[in-house]
Structure formats: C-alpha cells, structure tokens
Amino acid sequence: MKLPNPAELCIATLGPPRFPPPFAAQRRGTVDEARRVLVGALLPDHIEWAARGEAPPSFEPAGPRERVFFDGAVTTCGLLTAGGLCPGLNDVIRAAVMTLWHGYGGRRILGFRYGYAGVSSNSPVAPIELTPASVEHIHEQGGTLLGSSRGPQEVADMVRTLLRQRVDILIVVGGDGTLSGAQALVEEIHRQNLPIAVIGVPKTIDNDLFWVSKSFGFSTAVEEADRILRSAHAEARGAWNGVCLVKLMGRHSGYIAAHATLASGEVNFCLVPEVPFTLEGFLSELEARLRERHHALVVVAEGAGQELLAEAGPKETDASGNVKLKDIGTFLRDRMAAHFKARGLESTVRYIDPSYTIRSRSANSIDAEFCLSLGQQAVHAGMAGRTGMMVGQWNHHFTHVPLSLVAGKRRRLDPLGMVWQQVLATTGQPADLR
Amino acid sequence: MKLPNPAELCIATLGPPRFPPPFAAQRRGTVDEARRVLVGALLPDHIEWAARGEAPPSFEPAGPRERVFFDGAVTTCGLLTAGGLCPGLNDVIRAAVMTLWHGYGGRRILGFRYGYAGVSSNSPVAPIELTPASVEHIHEQGGTLLGSSRGPQEVADMVRTLLRQRVDILIVVGGDGTLSGAQALVEEIHRQNLPIAVIGVPKTIDNDLFWVSKSFGFSTAVEEADRILRSAHAEARGAWNGVCLVKLMGRHSGYIAAHATLASGEVNFCLVPEVPFTLEGFLSELEARLRERHHALVVVAEGAGQELLAEAGPKETDASGNVKLKDIGTFLRDRMAAHFKARGLESTVRYIDPSYTIRSRSANSIDAEFCLSLGQQAVHAGMAGRTGMMVGQWNHHFTHVPLSLVAGKRRRLDPLGMVWQQVLATTGQPADLR
Amino acid sequence: MKLPNPAELCIATLGPPRFPPPFAAQRRGTVDEARRVLVGALLPDHIEWAARGEAPPSFEPAGPRERVFFDGAVTTCGLLTAGGLCPGLNDVIRAAVMTLWHGYGGRRILGFRYGYAGVSSNSPVAPIELTPASVEHIHEQGGTLLGSSRGPQEVADMVRTLLRQRVDILIVVGGDGTLSGAQALVEEIHRQNLPIAVIGVPKTIDNDLFWVSKSFGFSTAVEEADRILRSAHAEARGAWNGVCLVKLMGRHSGYIAAHATLASGEVNFCLVPEVPFTLEGFLSELEARLRERHHALVVVAEGAGQELLAEAGPKETDASGNVKLKDIGTFLRDRMAAHFKARGLESTVRYIDPSYTIRSRSANSIDAEFCLSLGQQAVHAGMAGRTGMMVGQWNHHFTHVPLSLVAGKRRRLDPLGMVWQQVLATTGQPADLR
Amino acid sequence: MKLPNPAELCIATLGPPRFPPPFAAQRRGTVDEARRVLVGALLPDHIEWAARGEAPPSFEPAGPRERVFFDGAVTTCGLLTAGGLCPGLNDVIRAAVMTLWHGYGGRRILGFRYGYAGVSSNSPVAPIELTPASVEHIHEQGGTLLGSSRGPQEVADMVRTLLRQRVDILIVVGGDGTLSGAQALVEEIHRQNLPIAVIGVPKTIDNDLFWVSKSFGFSTAVEEADRILRSAHAEARGAWNGVCLVKLMGRHSGYIAAHATLASGEVNFCLVPEVPFTLEGFLSELEARLRERHHALVVVAEGAGQELLAEAGPKETDASGNVKLKDIGTFLRDRMAAHFKARGLESTVRYIDPSYTIRSRSANSIDAEFCLSLGQQAVHAGMAGRTGMMVGQWNHHFTHVPLSLVAGKRRRLDPLGMVWQQVLATTGQPADLR
C-alpha cells in the first residue's frame, strides 16, 4: 500500500471561515488542526520520511471548528443516499439533521429522494423537509428514509437544482460510484465558482475503501452474517455428509467473508476474491473433509472465483456501471452436488444467500455510534466550508479525505497479512486450494 | 372440522402398569386420567353430544402416571429425529434424556443417527449413547445433534435393529411421513407381539397438524420471519416503486405466512395456499398500490399459487414422498418484473427466500419451554407403556393422540376464520385477488 | 377453579345494532355468535352440565359483527393505558387506531395521557389526537406512547370529561385496579343512561387473570427473563461456590418465575408465592447443592416468601391500593450470605433485579401478534355497542368477558398441577422446602 | 498522554528461538518484526522524534514467528482467568486451546480454576485438562469455563505449582490487579532463572487500559448497555415527569457510559468520573428539563461523583485491593426524588443497575473475533519465548506490550476530546454541571 503524496491530502475550502459557530459560546472543545493524523503508522514509514526531512503524509483531522464558513441560521443543507442499502444510513441522516438543527441552528434541511435521481430536474418526487421530529426514530429501521437509486445524473442539471433549492451544503452518502458523482459535482460547482460545499460520507458494506480504516455497516454485516452462519452450521450437521454454502457480500474483497469466518469459528472453507482457487483443488479438499468429518460449512464472497465463471458469457454492467458478477453461489452449489454424485458420495448440499436480510438490517450499537460521528463530522466539515472531501477514520481518529484520493481504488485482503492467516488457522483450510 | 369418533381417540397400551416410578416416593403430582380433554370447545359441539347422551370425543391427558409399565433402571430408550430441520429438535432430545435419567433412573439412552436411516441394518453410523453431560448445552444450537434424513426404511429390518439394541421405547420426532413410518413400526411390533413402545413427537414447522393446536418451532419460525420482514420492508421502501417479495415456509397451509404478517404489521399482500388468486388479480392490485404508495411488501407461502405453475411440467416427489413444489417465489418475482416493465412502470423487485436460516435457528424461549414439555411427556407416555401415539397439545392441555388419527390429514387456514380475516384487515388487501 | 354461572357471562350492550360496518361491503367474515366458547374444556365439566340438561357456561366470541351500534365516521374513541408498564402496550394502541381508522372510518381518536389522570378535569395535559401516521412505528418501542399512572380518579368527574370530549367508546388498557376503575365508570355511565361504551384490554405481565388463558406481554417477559437467566447462570458458575439470585415479577403468582425456569433449563431453585418455604429448608438444600456442585442459580418471584418478611413492619400500599411487597430479593441475598459465612463456606452471592428492563422492552413477535388481535377485538366490541367487558382469550378463541367476573380474583399456580411438577422435575429441587 | 521511552517498549524473551513451528511447512505468513507499530499517530509526535533523529517509540508486532522457543509437542501451557467477569473470556480460552492444539501440536493444556487461587498449593480444585472437544461450544456462554476469583496468592507458592505441573507457558487473562500479579510471577521466575513464559491478555470491561486501544468485552458491553437504555427510555417516558437513572460500569473512566450514550442517542444526561459535577448543578438542569419535556434519561458511570459521597464514611477495599466505590446510583436516585418532592414537582424516579447482566453475556460477533485474535496472539507470543508482556492492539495492529508499562495506569476520557464533545452535542447537556 503506497503512501500518498502529502499534497494529495489537502482539502479544498470554499473560503476563509467567517463566523463563530453558535455552540462556541458554550466553550465546547473544537479540533486542533495541528493534530494531523499520520497515514503511515509503522516504523519503516516513519524512518523513511524522517530521513528525507519532509513532512510525512497526514490527514486533516475532522471535527468542529472555532470559526465556520456558513451562518447556520440561513444555511440550507441537502442530504441524499445512493447505491445499495447498508446498515446505518438512517443513523447518518439522523445525526446530520440533529447536528445542523441543534448545533448550528439550521432550519432548512432537504432530503433529496432516491439518490441523484432526486436532484435531477425530472425527479418524480420533490425533496422532503427534515426536522428532528421527522428523524427521531428512523435509526430503529434499516434501509434509508430518503430512498436510494443507482447511477449518475446529468451534472449541470443537478447543479441547477441545487441553485434553485438554494442548497449551500450537499451531503452525499454513498459508495464508489456515488463519490465519483460527488467529485464531478464539485468540479462543475468550482467551474461555475459557486459557494456550495459537497461532502461525502463513504458507504461500502464491503469495507474496501482505501484510506478509510472501517466503513459503516460493516460491523453490523459481520454480526448478522455470523448469526446466519450459526444456522448454516446446523444445516451442515443436520444431514449425513451435509454441506452448507453461504454466499456473503464482497464484490472485490473478502472482508465480510473473512471476518464473519473469524467471528463464527465454525467455518471450514472461506473463499475470497483475493485468493484464487481451482474447482478441482477446492472440491478434493472438501471431499476429504466430508469423508473424515461428514459435514462442512463453506463461505464464499460474491466476487470470489469469477475466473471460474468466465466461460458463462460476456461481462455485463448495472446502472452504476459496476460489472455484474456471475453468481458464484449457485455455480458452486451445482458443481459440489455434481462432484459428489460423480464420486458416489451420498451428500446433502444446501445454499444460503442472505444478502438482502443483512444489508437492510438496522445498525447495531457499534455502527449506530460510528454513524452518529460520521453524520456529525460531515456537518462540521460542510459548515466549515470544506468541499470535495469525505469523512474517514484512520488510526482511531476521524479525518478529512479528498475525494480525488479514493476514486476508483479499493482495499483488498492481503493473503500474507494477519487477517487471512488467522482465517487459515481458524478454518484449517490449506493456504493453496489450486 | 369434523370431530372424531370417541373410539378413535383411545390409546394403545403394551400392558398393565407394573411399577411405581422412582419419583413417586417424592409424592409429586401425577396426572388424573379422568380429566380428559374435550376435543370440541364450542357450545354447538357440546349441545350436540349432550343431546345424544353420549360421551363426547376427548383426549387422554399426558403426564406422569402413578404406576408405569417399564422399570426405568433397566429400560433402553432410543431416540431419532427425521425430516426437515425445525427449531427445538435439540430441546426435545435434551428434555427426553434428562427425564429418563433423572426421573426414571434410565442409564441406556441411544440416539439413532440421521432419521430412520440410523435404525436400518446398513446404517453407516452406529447410535450414540446419550447422557445428561452430552446433551447439557445442545439446546443452544439449532438443528439436531442426531442428524436427520428423509424417507422410510424397511420396517422388519428396523424392528430387528430395535431388538438387537434391546430398545424398549422408541421416541420418534418428525413430521407427517415420519409419523406414518412410526405407525408402520407399531403395526409390525404388534404383529410380532413385542413389548416395544413407539411414541411420536410431532414436528411440523408449518403448524398444520390436525388435532394438535400448536407444533413446536412454529413460534420461533414466526419470530424469525418477522425479523426478516423488517429487512424486507426496508428493501421495499429503499427504492422508487420498490417491491420486496419474501417466500415463507408452508407447503399446504399458510400459517407461518399469515402469523408473520400479523406479527409484522407491515405486509401489504399475503398469499397462501388456502386462498386462490390469479396472476392478473394480484398484479393489478399490486400495481395500484405502487402507483399510490410507491412501495410494497409481499409475503408468499411456498405452497401458494401452485395451480399457476401447473404448466411447468409434471409433478415430482422427494425422498419422503412429498410432492416437490414448483418455486412460486422465483415465478412471482419474474412475473412481477415483467408486468411492470410491460406497463412502463419503473420499479425494483427484490426476492428473499430465508427458509434455511429460519428452520435452523435455535428455539426461542417459548419453544424451548414447549419442547421441554413435549420431551418430558413423551418419556412419561413411553414409560407408562403407551404406544402408537404422539404427544399433542389441545386447549392448553398436553394430550395423547393416536397416530392413526392424524395420518395424512392437514389443518389449513379457514378463509372465513378469524386469522385470515385479521390478515385482510391488517394488510388492506382485497379478500379476493382473482 | 369453580366454573361461573352462565348468567354471569352475559355481556351488557348499549342497544341494538344499527349499522352495517363499512367493511361489510367487502363480504369479510364476521363472527358467528352461536359459536360460544365453553369455559370448561375437560370431560368432568361436560358430564356435569350435560347431566343437568342446562346450557354450560360459555363466553361470547369476540370479533367483527354483521351490524354495529355506532356509525364509525362520526364516532369518537378514547384510549388510555394505566398501571405498570408491560410489553405490547403500544401494539394494542396501534392496532386499535388502525382498526378504527381503516376498518370503521373513524377519524377522531383521542389518547388520554397518563392513565385515568388524563381523564380528570385537572389533568395537566390534554389528550392527543391519534392517527395512523402518529402510531405507525410505536410498536417498535417499549412502554406506552400515552404514558401511564396508577390510582383512581373521581368517577363523575371522568364521565364529565368523556361527555365534554364527546367520547363514544373508551378503551382502557390496564390491570386489576384499572379494570375495577372501568367497571366503576360503566356503573356511573349506566346510572346517567349515557350511550358510552367502556371496553377493557386486560394487562398483567404476571399472567394471573382469571378466565383469561394468557395476558399480553407475558411471552416477552418470559423470553427476556430467560435471557437474563443465561447471564445469571454464568455469574453463578464464575465463582467458587457462586450463587446467583434473580428476582422476577410475580406479586401473587409465580408464572413468570416458573415458565422462565422451564425455558432456561438451568435453574436449581425456583421460589414462588404459591409454594411456601422456610428459610431453614431452603438454605440447607442450597448448602447441600453448593457442597456438591459448587454453584447454584436461584429464581424468586417478588411475591414469594412474604410470610418470612412479616417481622419487618406493617403493610403499606401504593397509589393503586396494591399492598407494597417487602423485598424478598435483598432479604434472601443477605440471609444466604450470612448463612454461608456462619457455616464457614466460602461463597460469592450475586443478586439481579431486572424488573424494569423486562417490563419496558418492546413486544416480541408472539406478543406483537397477540396485541394486534386484542386491539382489533376491543374496537369491534366497542363499535358493536358492547360495554362493561374486556377482551379475553380462552381455548385459543378470543372472547368477551364481563368486567364484573374478574374483579379482585387472581389465577395462581397449582402446586400439584403440570407446570409446577415440571418445574420440580427440571430444577431437581425438593417438592417441599420447609 | 506522554509517549513512553522506546526502551520501555522492549519485550523480555526467555532465549533465542530454536524450532520452526509446525505450520511453517505450509508457508503461512509470519510476522515481519521490522514492522513495529508507532505509538504516536499524530503529526506533532512525528516531527518531535524526527527532529531528534531518534527512533520513535514503537511496539513489537504480535503474530506467529518463523522460529519459536518451545517445541509444541512437549510443551505444557496453563491458562487462568481472574477478576470480574467480562464478555469474551471463553472465546479467549477457546482460541488459545485451538491454536496450541492445531497450530503447535500442543497436547497438554491445563486450565487452572478460579484465578490465582487455582495455582495456589491449597486450591480446593485441581486444574482441568483442556482439549478442542471440551472447549468447542464454550464461546456460546458468558462467564468463564475456568471460574474466576479476585486477589493475589503467595508468589513463590504459585511458582512451585507451575514447576510441579511442568508448565512452560502461563497465559493469564485479567485486569489491572491480575496483570500486576503476572508481573510479580515473572520477577520470581526470573530470580529463579526458570524457562517459564508468562503472557497476559488484558481484560477490562471499562476499556481504560493505557497503550491498548480497545479491550475485549467493551463492544459487547456497549451493545448490551444500549439495549438497556431502550427500556430505560421507555420507563422515563411512561410516567409524568418520569426520570430513569441507569448506572453503568466504569470505576475510573466513563467509556461505557459515554459510548452507550452515543450509541443510544436518547440519553439526556451522562455523568462520568472524569467530569466533576455538583448535586445542585445537576438537579437544577434536570428539573429544567422535566419542566419543559416531562421526562429524562440519565446515565451515570459507577465511579462518577465519588467526591459527593465522601461524607458517607471511610474508604474500603475489596479482595483485589480495589477501592470499594460508594453507590452513586442509589445516592442519586434518593437525592433526585427528595429534590423533586421538596420542589413540589410530581415525578417518578426509576433506577436500573444492570451490571451483572451486561458483564456475564456471551461476546457479540465483534468481540468474538477480537478474542479469537487475542487468544491466538497470546499463544504465538508464549511459544516464541516472550514473557512479562501482554497482547495489545494499537492503530489496528496487534502488539506486544510490556507488563511493566501499564501497571497502575489508567486511560480516561478527555473532557475536551472528541468523544466527550460528541456526548455533549448528543445529549444537549451543559458542558459544566457545577
């Protein structure tokens, strides 16, 4: 993981801060901007930078500022959620509304409906006004109060909507595609020289964002996946040579699969995109286990083994431009059943695909707190006039991360790293299934 | 629901009771057999029978007896679980083992593995000895410690196994097919004039047994289904014209679908086998709702709408002889999507099939207690020399029900009854979707 | 349990039904009043009544009627909740509002605040208007949207409030004292010859109501208590000679204690009001267990062992007139610790009193569905012009039960009955701890 | 927070590594010791150290080594748990046993019972042999399989027990006092020049350990506390001027109180040891809220406001030497009630103390995975011949931390830091309650 150049970590600002925030009168702590967060936390990084005598790469810390760019009482803030559902969306919305209202005196908060579609001039639904009363209990529900959708909209058209609605700050909660869309908005706003801040809150249940140590919803997803693995384990043990296969989220990275495997402690094989395997390698190890123990629990990340599916036709993409994955779950289920039949091994193969029930849960307590912080920090950043950035977390500190830094990059499991090595130790599966 | 003839409710006995049970010395309450449980609980039934001057139909009450047929200290009890998994199987096993061991001094308790297959002479695995220590914590897990399988085995061969293993009491936990198998065993044992008791514990997560007011696992299934409906509701609301379809268990009856609908309070359409609908009727009502409210949550029982699937080829059966159902879930999902596309209605249709995660959960507290009772009552019945019966519950009393009475019959929702009328009131769906 | 006289089971009505309900046009099933529910469900009861040639005692069935007394569109319905909190209160409120609004076209639904205090002319808070939108999500929260309080108010003053607010139907959700208050209201209304219906929904987390087979919230309470017993069991086992004592609700009856004991399967001693014990008897058995197994889990119902506390001063009563119980929990904790110290037995005694966290939970799925039914049935009864009654459940049917029949009576565990015998079998505790 | 001197971060080793571990043959990743983890993660720290041209303070990374000190096949490992219960104890035990057995071929694993008492020569119970089978399901239970106790034992006596039992590695799971005891053992072992490794796994549900970013059980504690706050919120709203006070763990620091407050989003006042308050200041703010909103939810950490209790007599200590805290919970409850009474404000004050039900829960998925890692890392450290250290986590990396570094120090909330400022923003309580 190559450290970024320090210049890449600078955050764009609409202009100099102009007002003390209303809460300043209460002498609440504001953030010390000098306490920047080092990107590299290991000794070799330090030594390298120290040797050069340069400032090492570091993130601007998030948090409330002494002085802000907008006057809360007359500021309009827009909110939208886009892309796939993820536990905690409503918590982020609620925290942003509460912070704007109670912290900055904001009274005009607009919720754009169904992602960027709601900012388009031909949206079938108008934005709704959000107040503390209207969001009081939404965190108890999964999904998003605002609705979501995939795919971009025409950028200049969206800027016109923002102007027509007098939006000063737009907070965008979404994944890779959504944040790229936010970056495009920033560029158009900058081109038109408008004082509109665009702040991202990164959402990826797969936890694969670069330069963000943990994304919201991930903890809940692992907890719910662990719960489903308990049932799956019972299914596997309930039949003679019972195999239960569970497909978990993870288009490009196996974080949910790997961490749910560790949380469960009952998984026998964990298959992830980062570690290639062959059908023969996997099936022969699985058969060996069945012959010895007569049951097996298998976890597969949705993006694993895509190379095995290559024969099944050309690539397709969804409305967000993401490559549509072939279904590794049903593929493996069918191949396992066929293999055991061919080998004369009486077996029962069951397949569970719990994605929707996981992603649409309400946030657990860990994510609830995390989303509260993210929503608060996004508002602090927007009020301070920051733009073109998202709120991250790094080494236990909340940070400001330029949108340009993360576009199109993904964090992936390191097959020689600690997490994957623990997966191998816990499952007992061979390091190489080829 | 025609009341049975009183003669049909008599329970076969191996012979007269011979021993006081060990716990008798502690003067614990035993059951008063005169307190038989009326089958009919409504006034018209009473008046009819009173007018005839006959004894009305009534069940023998379950419970510990003053004197029993077997001497616990030298009795061997066998246990097996068969058919699909269901929350509470391990609770029943545990309760039976604890009651045999602590209540009757039984020290030889055999767990046959993988259903009737484990009683066959060519079973690949021998029965395991069960003790309080080996079952202490099994109720915290879903599934069954003993494993399960579908399908019958050769009856005379199974009786030979019972004799070889010196089994005095066989407790069989299973559904319709399993209980028919138990009845066949009883008949062969009777033909050979052997003193072996066969006791059933009825298992049907669908709750569709005749003359049993509630089957174990049903409460847990409704609770887990309700939990999944919360996620499904978030999915439906998360997209513009979002529809979420959830398939729930219920091959012949819609009890889980109906009760989960009532528990949830968020369902807009509930489709069950007992209430026919046409595709046109359902889709036009669904479209109307989407156009007005822009989201919908649909529940379908797996046995609903089978007549719509008739074109899809001839009937197939599984190893238990159950007719394999066509998949109404994927059928409806595809038809909904096609309909909205044809009608030019932008929509998002999502489908959830959570069956395995529901049925393999551990029992909730309600079922845990219920299974404890069922396991205890099954042991009391077997020790008392009863045979050819199963343990039921009726009007809040535990009962003995002849196996012959329930074979091949199923309880179904009454479309004019209270539960379905509440479903209509709660969902707001029309009474007739044709 | 003496069966009531049939005359006592008649339900008062404001007058003849006058209108078809709005839903009649949809030909939904209405209840057949001839299908009255027998009170006695055992054979001896039947024979006795059949011999007399009389109609046996039976309840009027609950449910929607073909014709009703009130015109929904111009009816005002008041709702209130009184007494201690209980899981499901919000579910009952929600179901009543939804049924009034969607089923009968009711548009004026008043929520009186804080029990009867809100119907008093000197209430500090006015009633709130309830709509489907305002109650949509309240079932996800414990407690009661309306607030609660204990104690009666002046009856004539409350009737004046009902008249001033033009209330036609008052639905009262509460326990013994609250229902007695409702009966007093009915009598005053009758004396003034007013067409106001008063319908009760019985609430007692202790499940001790006569002629009602199960009260709402009980299932949730048992489930939550079971969950706490898991922690308590870990506490007991975590220390050398560890004892963990858990006090559960149950002022006069040990239903929660007994059923949580059965659901848990880990309890070693269960102490209830119905089964007297002496301190010496209990402590010597507990000591014996500690010396053998080195840990023990003890459950005590709050009303148990009150006679042991008699020395601690005269009786006191709370605002509802209920006798204030002395605290058996801290008493036992202290006596156990003192006893072990005196006997030179190193031990660790821990005490858990989880009452508030149990009673203020939201309802589980079982209670959610049950409360939905109760709220619906209460509205159907009120609209039909019934009064002076509450909604009950008996032999799996919903019933109308005269308020006069239940006042001041309580159901209690039978020490020779099935439930308590199962507790003895499951805990292994002696039948007699004196 | 002053950074430690680099020399203080060095880890003692029994001797040079001698064997490749059994898993080396599978070429699994081992840790790169050069990747030491920086203690300071902020820019000012870096600049300071870079300016000095010195190596900055950094932790040795945890993980499996290329070569180890002990031959697993003939190594005896002892395990013990001491101090108060905490979610995850069984997970740590299970992970250590699994790693020793499957990773290193260890076959003699001893569980000492009830803390250091089980290592004393006059322990009433012998250690138990642990195997994968005996620990397979223990993580599903709260508490600790081994039992626990407080307080030290005679050091030389314990070393004699270790020698008699041929213990090579002792893994000690416990808090501040327990780790001090481990350090004393290390010193005596060093004095006798014995090749026995002592490895600590830090346990403090309060999350207040220095140089450890998160302690196990904390995530579960916050989740369970959040769950209880939901009930408490319902209690507060259920009565006119209802106040519900919840006491949460936190003897010296308010981490659980603060984070549960953030997770809940419903708390109105959060009182912690780090932020002093006066009774007058708190009560007048609380009264103001009641008069405006008529309910309030208050959280108090057990160590908060101890100065207010000073008058209540001299300090006492428990068996571990910890100062026994006066009960701030009952004190505040009584003072609130008295204040409202004196002020003529009708109110209902309820108090919940859920400590035992929180600490004795089983670990949630987050802690389950964390404990798995801690147990694995502790074994890797011990096998590598490390001693006098504990396993920590810092900046998302697992680390080795010298026991000497943490003894007697505690991390505390910074009243000007991010977490506390978020608490103020979320509750709306004044920064100063004096």
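Per-chain residue numbering starts at 1, and chain names A, B, C and D are given in the order in which the chains are listed.
Convention: a residue touches a chain if its C-beta (ideal position, glycine included) is under 8 Å from a C-beta of that chain, and two chains touch if they have at least 3 such contacts.
Keep in mind that this is a model prediction, so the values were computed, not measured.
K.L.:
Chain by chain, through touching neighbours only, how many steps does the shortest route from subunit B to subunit D take?
P.N.:
1
K.L.:
Farthest chain from subunit D, going by mean C-alpha coordinates, please.
P.N.:
Centroid comparison gives B as the farthest chain from subunit D.
K.L.:
Looking at A-B and B-C, which one has the bigger number of contacting C-beta pairs?
P.N.:
B-C
K.L.:
In angstrom, rounded to a whole number, how far apart do the mean CA points of subunit A and subunit C lie?
P.N.:
Going by mean C-alpha positions, subunit A sits 46 Å from subunit C.
K.L.:
Taking each chain's centre as the mean of its CA atoms, how far is subunit B from subunit C in angstrom?
P.N.:
29
K.L.:
Just give me the whole-number Å value for how far the CA centre of subunit A lies from that of subunit B.
P.N.:
41
K.L.:
Two or more other chains touching the same residue: where does that happen in subunit A?
P.N.:
In subunit A, the residues touching two or more other chains are 141.
K.L.:
Would you pull the subunit B residues touching subunit C in the complex into a rising list?
P.N.:
23, 26-29, 31, 34-38, 40-44, 46-47, 49-50, 53, 55-56, 58, 63-64, 94, 98-99, 102-103, 139, 213, 219, 222-223, 226-227, 259-260, 262-265, 364-366, 368-369, 372-373, 376, 395-398, 415-418, 420-422, 424-426, 428, 430-431
K.L.:
Which part of subunit C faces subunit D closely enough to touch in the complex?
P.N.:
85, 113-114, 117, 124-125, 141-144, 147-149, 228, 230-235, 237-240, 242, 244, 350, 352-354, 356-362
K.L.:
Using the touch definition from the top, list the residues of subunit A that touch subunit C in their complex.
P.N.:
Interface residues on the subunit A side: 137, 140-141.
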